[in-house]
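Here come two complexes built around chain A, the first alongside chain B, the second alongside chain C.
Coming up: the complex of A and B.
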């Protein structure tokens, strides 16, 4: 049961409270309160970050800065207004329900560090950095997230915001497979970004959710593909590589065998949808 | 017809929309003690010792009740007829716990917090036994789930507790083995269905208090108030007269509330403390500790001659009733009795099998019970047989299915828990349903498949189904009509409106007879002190059984009005009629407004209360029929199935209120679609239900069910009220087979276990 509720307004106050109370930070609370109710988190203290005086969503030096407390709904509006990174819209619109998106935040998704986190997948694809306060450290997301629910955070630190690259002229594909069409947690998901140059790869980024302890992305494979011709064989090669790299678990949603098969099939599906799609 | 077939909103719709406090939790006495249950963490164990001393010291705790404090009368929680066809194998609390979630102790206190705290402080020592978790290994398992001597059946149901068998059944007409020899084509297939959850919006809730006379009053979210009264009396050894059960508005039941659940626990607290008490189940408790659908296994063998005549149906089943045997036999038999008559021209038919106990969440009643499991197995195999014969599955069905005026020996042989009744089907528009459904889905263009792209293929599939309308010669409903001084009427019925709208359609039936607006009928239902008996809302009985009772009561009222009106007018009764407004001379000018008659009868002349009553027991149980057509799109890269269209054409006789009939069918379809495609049930290896919340247990959202198209065939059932049959369950039966058949027609994969998940499809495609 929650007995203590705090509402800090400055970075230092928040940091001190965190050390002193060992309380859980929350903004939307869409995950935290569900977990508390289910008994998965046992705490009597919560710290509400919504009253912190923090910066706004902004674009700076070709980077998108998303501070804590920004909701998915606010992010969608911003992206639409500024016409950047359309893949984010594709990903974010599948998260939860409208009610969840009105409360839930991208920063909260990063903090949860779930391999099924849809925004976590987006942050991997867009080479995100996590900005911590009060230390002002800036850590690449794949270094910040250590495993399911595990993040690199000192006792006094909290996530202040995330910074994502803004990409122009990329083709993209996102799909998440769940047990139904709305309000789902992914069984497996894929995000793909490709920049072409004369039918050849100039840059490629490919990431999978829910098929490993963290989001699965491999920069070495990506680098080795630069200059390659885009065709089905190349994607068959990729599908095979990621089939082998993936290490999913069997849980209440699906078996590991099915998840591995999805890694293979979704890679080819991304290709077909981007390059061979027949519209009927 | 003026009032019947009127599409009026439900009588309670506005009040519910305005959020009026009308549910059990809203109207429970404000000072009710909060009741919670300590539940077993073990699938099978004996309680060696319970230490409640620490918990009792907590401020606010009023009482903690264990099995040592209560009478140990074996009962069944299932509310269905008397003597019940379910074994008496349940005790309010017992020294044995038989599934994870079984009740160990009842705790009551002044508020949630102290009760929650007390739950943590009770120390229980268990002797843990090896649980029976696989229903295919339950029979003759070394662990006996009901070793106690007191448990017993009420009559012969094939109960054998020592072998973990709750019930068994067999019947055979003709000689299966001999007839199979004469068949040109024989198919055999095994099927599994899962323990679907009801997911009624309102969790199980009950409250109790003592009235000024010391009688026990129970307010409950129940489908069966009269059964609750009888079962609680039996469990506590109380006289029935000392108990009153009231059902207020309830937020859905679907069979999950056709039983006692929280009632005995609040009653135990009120009886012990003299204080009001209430229990509101958490969603997790609803999942883990109420009821599920009976998981079943069926082996189907069908035989036909090459001219497309179905000759043999053999259904061998195994049903899992979980820790207690509620509805064990009846659910199982319905899998035969509500499917086999569909194909009434066979030479041999057999239905056999057992219902076994396991250490899992008990199974109980659930909309379409037995029928949906049987329909999935039989109607999937019919498609396999048609394919082997090289016939269109629709043509095969049309050639072999039942038609109006025909009968089936099954009607007589298989009832619910006992013999049924002989019956000729007086109304059956199955052929029209199939024809219309083919048109609406565009079968001729779309069967069997249409390729949308290299990786997306659409297929169509179908199934036919039947239900019943109450249980013949068992289910009784009664009604009372009372004339008020302004010419309005009170309709008092035992029938139980679960949100279905039965209060409204029963008022429409009375209004039609009396030729008055439905708005002039004031309905009060489901209160064992104030309304006449009714078995309650189950077995698709209310429209037909209670509806016929209401119709009869209204006909008597009309006669009484004519009699008293004639007397007031001073004319012979035979020369007078009543048109809803006036009692008038048939061949003359004299007339008397009903309102005037009603007022003088109360206050001035020939004073009396006009009141009539009627009861009805069906001599038959006329089946509603339907044809369901599914169009699916299978993504062969992910195995995902998108349901594009579902067409249901239903013969339920006259639709008393077409809007309410339509939403009954739609709701049934959606629940059937959920069971088919989404609602997966998983247990941990030690017997804990893992899919115990709405995060893991996926019911379909609006985005998952595609277009639902519901049409009604023109039909009139001569024995029904104004031609009506039932409509509550029929909608749920066809989706499993129709969707499985559509998936097969799309991609050539036959999934034989529910739910049909993307995983099963993709792994089969590989």
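Coming up: the complex of A and C.
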């Protein structure tokens, strides 16, 4: 049962409260309070980060900085106003429902570190860094997230913001498989980015959600494909590789066998949608 | 603890417990249009406007409402007109989900949304388990003045 509620207004105050109380930080609370009510989290202290004086969304050196407390709705508005390419927007618009996006935050999604987190997938694709305070450490997201719900955070630290690359001239595909239209927690998802040069790969990034303890991305495979001709055989090879690399679990949403098959099928589907014809 | 809020245009001071969720506080103070559905932010039944934007009140920490403005169905004069359209189109069966849908649809009217596709996307978080949505869509189209 929650007995204490704090509203720190400075970084140091927040950090001290976190050490002293071991309380849970929240911004929108769309996840935390559901978990508390379900008994999945038991805490007597919550710390509200919304009153912290922090920076605004900003673009610097082709990078987008998203501070804590920025909601998905605010992020979408900013992307539209600044005409940032639609990669992030295409993922963000599928998260939760409009009501949840009015409260929920990208930083919260990273902090939860779910392998099904759609914004987590976006952050892997866009080589995100997580910025911590008060240490001012900057850690690549794939090093920051250690496993389902596990993040690399010292007792006094908290996530202050995330920084994502802004990319131009990339082909993009994103799909998540779920059981309904709104509030989908994905059974499996894929995000693909390709930069081409004369029908050959100049850069490729491919990531899968919900099919391993963390988002699945493999930079060695990506590197080995640079200069390769883009065709169906290449994607069959990729589909096979990631079928083997994936290590999903069986849960209430789907079995591990089904999820592995989805990895294969979604990879080919991404190719067909981008290079042959659009299929739903 | 005490929080200051504006509910349906009226300034109020509410007495809350630190662990309370907005949905429970609103019901305790008699705003019975705000109903409990899934309690996880998924069904949209408990929707209220928070500083003018729709949010699931089951997922809002009550203490966080301090200094903010909340509008429930009781505070929306347009609600009655839409409720009558819902009845006309046979869009209410049990009626349990109607308050959340009405709050969100009145919000869409304020945004001057006149395309059905857009309205459907914006209402994706409001579930109804009786009707199959056809009747609701007819009522929504009439209420928003959707151009055919």
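Operating definition for what follows: the second predicted complex is superposed on the first by the 276 of 280 C-alpha atoms of A that agree within 3 Å, B and C clash if a C-alpha of one lies under 4 Å from a C-alpha of the other, contacts with A are read in each partner's own complex, and residues count from 1 in each chain.
Going forward, a residue touches a chain if its C-beta (ideal position, glycine included) is under 8 Å from a C-beta of that chain, and two chains touch if they have at least 3 such contacts.
Because the structure is a prediction, the values reported are computed rather than measured.
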Under the stated touch criterion, which partner chain does A:254 make contact with: chain B (first), chain C (second), both, or neither? first
Go through the superposed model and pick first if A:90 touches only chain B, second if only chain C, both, or neither. neither
Which partner does A:46 contact after superposing on A: first (chain B), second (chain C), both, neither? second
Classify the contacts of A:177 with the two partner chains as first (chain B alone), second (chain C alone), both, or neither. first
In the superposed arrangement, does A:1 touch chain B (first), chain C (second), both or neither? both
Kindly list the residues of chain A that each of chain B and chain C touches, one partner per complex. 1, 34, 38, 181-183
Chain C residues touching chain A - in the complex, by the definition given at the top: 1, 18-19, 21, 39-42, 44, 47, 50, 53-56, 59-61, 63-64, 104, 121-122, 124-125, 127
For chain A, which residues are in contact with chain B within the complex? 1, 34, 38, 175, 177, 179-185, 187, 252-255, 257-258, 261-262, 265-266, 268-269, 272, 276-278, 280
Within the complex, chain A is touched by chain B residues 113, 452-455, 637-640, 642, 678, 680, 682, 690-691, 693, 695-696, 698, 700-704, 757-759, 762-763, 766
Within their complex, chain A touches chain C through residues 1-5, 26, 28-30, 33-34, 37-38, 46, 48, 50, 73, 96-100, 102-103, 181-183
